[in-house]
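Please go over the structures that come below.
Each of the next two complexes has chain A plus one more chain, namely chain B in the first and chain C in the second.
Let's turn to the complex of A and B:
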């Protein structure tokens, strides 16, 4: 915890500097760039690439969360229980299908740009959220559930006031996994012209410019670590509140 | 008045509850006692329709329970269970307020009711209102669970082994609290337990269940003195019967004039306590006081004769 208190603001500052003031790192990256090539990516603003990257991840995860949680709610009701194995298979398939293949297949239908990346991230993000939501909704404290029925909450009230709030911390774990996977996977979206931080990395790879690769990689990595950490903090806070009662 | 009329529940080939008929008076505690699998919990759960009866019906103040939507019926019936079942993500105040909120009470009225109940259960509202259940002791959680069940002043309170998870000392205190609060509020309570001691201690009437059937339904003294079947006798425990009987009778019934040595006992103490005092200190009589004033004595001889009456 102590280390986190110092490390966390340091990492945030480092990330902000890398995105907003890349020129500060010129002395650091210059030795890595080939002779005569620029060491700092300047073809487009790193801030706009970062925002577009995060936007894609947020949109895909939001969509995946909505679909996966709705599906999990449906299959944990008595009426939907029969569909649980089927929906599990479908979610598993989404996870098995490589994102690169999804990108390739989606381009003819959706064209170049953000569309195929969104689809790939969405499909890839479904499974962790769905699995965690099903687990969370089927392992709620039995006494609290019995009491919820016994004191006269109807189905909707039980779902909204008791089941979802109690299941939320475990669902959030699935969302966290999904977000982190998506943050990394989004970089390959740049191969089909989505505006993400992958652009920097791919530009570096194409021109043998290690400085670009490192720059892009560092930013994506720092985003992943910091967002992961933030979500863990929220989970811990919620778990403490819902207690081991 | 709660009328249970020929209530039956069948699971496949087994009769979980077999044609039970009984009437519960308003303002009394009725304890349903039986071994596990006797159908006592199923019987209780059919009253607020957590289980739907296979046949028969329940009437609360003349109104059949099946005439209403189950969740609306349950809001009028308090429900407290073993392991309290508090909502872990809500504060104590919000847990207690659960049913009043469902019923759409105004905020100030809810707040006043929460504080009133916490005070009634000897928990300082300022200290406990905003805590989460995980921050309470087992006994406190159980009290909040009962407070939640009482919050909307229900016509009937159902309790399923409410004290089952408590250790013996806290359990005895919780039973005394329940008695006190029931007398204070005049609530009608039906409570399920496997513990005959608890049934005798708490019940105005005790219903003994065995194999889905109601085998005896009577006042505790009658259950002890005249068990209807061998099973009831076993439940009461033949060896303990005289002592259990004496535990139901206050000293005030046997007070006579005369001298007695040693420490005095209050008139509302039980004959069992007086007997224990006689045996322990080798006395033949104990002095009795009422509100601190000496009113006479109870003799060992008189206690023995009283116990013999039922043999």
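Let's turn to the complex of A and C:
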């Protein structure tokens, strides 16, 4: 993990520089651009594209988390137990739908723009979070549940004070999976006219401008890797805390 | 379960055609639509009582039959009614909702019945045959998506083959690299510690970025390495898509190989060592057979994932069904999008089910008898 200590801040700095000061990289990208074409994407600011990209992902993941966790709580209560096998099958089969196909199928119903992207991100994000939450809530240590019942906590108190805190690390793994998929799908979202960093890559592909492709690819890739890494660190931290406490 | 279905019925049973939407019982003359509508209503009603799985399955099948009957009757009838030769008929929201509800009913009934692996394989074959029969019979030909198909028949076959070549070819390549790497990682903890994190970082890179990053890389290789261009390595096209897919496939293959080999119970391993087996013998006769289900699960993940990701190859000139999806998105031609997306979904679902069956067959002993 020593490499991580040096590498992480370096990558963050590189990402910030790529987004905020793209002109610094002109000498690097210039040889890749076709003759006379710009080497640095300037049609819209990379910062605003990044923010809109991350905003889309954050909004979709937040909504997906709320809905998926509520659903998972519902199917793990006695009242909703009848829905559990079906909902698991749906979650399982739903994940075999390619994200791109979900995006493409959302367009005929919702038109172009951020709408279908948001819906596709949301729907697709539901599945891993739901699956992990159900797994977490159904595999809690029986001793802890027994103890909670023994000290006289009612159902709500057990849910809020015992089940959810214990299940949280596993839920977070689901959220991480969903964020990673959402980041990737949002990139493709620019083919349906959502404002995301994919725009830079697509522009490069359409005009044969490898400089744009590389620039967009680097920024998106760095965002994904750093966010993934940050979520893993949070997970490890939480796991350590619940393990100790 | 019934409560879930009822609210859907009222909205869903209503219209079947977009543009000027047409109600289900108006798509053709009453004599022709009546059996279809009746079958759907009856099918839904049969699905309402919970706990009767066969009844629900029968209801779902009946309803689906009615749904397709309506579609077959409605399409030519509506086209006849329209004056223009360019009129297009396509299923609308009502059809989609009904299809969704009925498929859910069927899935639910099947989940409750929990058929064994061979029964599932039979079911899958039956469903595929029914689907093929409907498609081949030409009864749906007036629908817009099939008109789109008719004008691109050769291209379509080409794209499907290319798609399969991308998905299965990269799977095979990843398996050839991944299995030995996985076995090595399993034997050496140090190697495992450095290889797996790198592979999982690769996995997080968004697909479009990964495909994009392959372009300059392979472009450079193609330009600078003698002979590389001759075997088709170039910045855009098949090669970068293929390489990106292989990179994405490595984590599930290597990770699951390690997990699968490690899943052999310690007792079995000890017994093998006690019998005097060498480490190669132990690997081949104990660890690999016992780990097979987990290893196959890794291949399932890769296959499903690659079928989906191969769509993106359409953006970098790699061919495949993605070509239609992105052409359709550019021309805002819904049917063209569907022509690319629906076969992809069907391929992914089919291979997921087939792989699930294989995984189950590979499990040596059912848990409850062990």
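A few points about this structure:
Operating definition for what follows: the second predicted complex is superposed on the first by the 240 of 245 C-alpha atoms of A that agree within 3 Å, B and C clash if a C-alpha of one lies under 4 Å from a C-alpha of the other, contacts with A are read in each partner's own complex, and residues count from 1 in each chain.
Assume a contact is a pair of C-beta atoms (placed from the backbone, for glycine too) under 8 Å apart; a residue touches a chain by one contact, two chains touch by 3 or more.
Keep in mind it's a predicted model, so treat the numbers as computed, not measured.
On the superposed chain A, the two partners chain B and chain C both fit, without a clash. Shared-chain residue A:9: touches no atom of chain B or chain C.
Of the two partner chains placed around the shared chain by superposition, neither chain B nor chain C is touched by A:34. Of the two partner chains placed by the overlay, only chain B lies in contact with A:166; chain C stays clear of it. Seen from the CA centre of chain A, chain B and chain C lie at an angle of 100° in the overlaid model, rounded to the nearest 10. By the touch criterion stated above, A:228 is placed in contact with chain C alone, chain B being left untouched. Once chain A of one complex is fitted onto chain A of the other, the partner contacts of A:218 are limited to chain C, with no touch recorded for chain B. Contact comparison for chain A: of chain B and chain C, C touches the greater number of residues. Applying the stated contact rule after C-alpha superposition, one finds that A:157 touches chain B and leaves chain C untouched.
Touch criterion met: A:146 reaches chain B, while chain C stays clear of it.
For the pair chain B and chain C, the minimum alpha-carbon spacing after aligning on chain A is 23 Å. Residues 48, 50, 71-76, 78-79, 81-89, 98-99, 102, 132-135, 141, 145, 148-149, 158 of chain B are the ones touching chain A in the complex.
By the touch rule above, chain A contacts chain C in their complex via residues 32, 82-83, 85-86, 89-90, 93, 95-101, 104-105, 107-109, 112, 180, 183-184, 186-188, 191-192, 198, 201-202, 204-205, 210, 213-214, 216-218, 220-221, 224-225, 228-229.
Across the interface of their complex, chain B is touched by residues 141, 143-154, 157, 161-162, 165-166, 241-245 of chain A.
Those residues of chain C whose C-beta lies close enough to touch chain A in the complex are 1, 4, 50, 93, 104, 107-108, 111-112, 201, 203-210, 212-213, 215-216, 219, 235, 304, 307-309, 311-312, 315-316, 322, 325-326, 328-329, 332, 334, 337-338, 340-341, 344-345, 348-349, 352.
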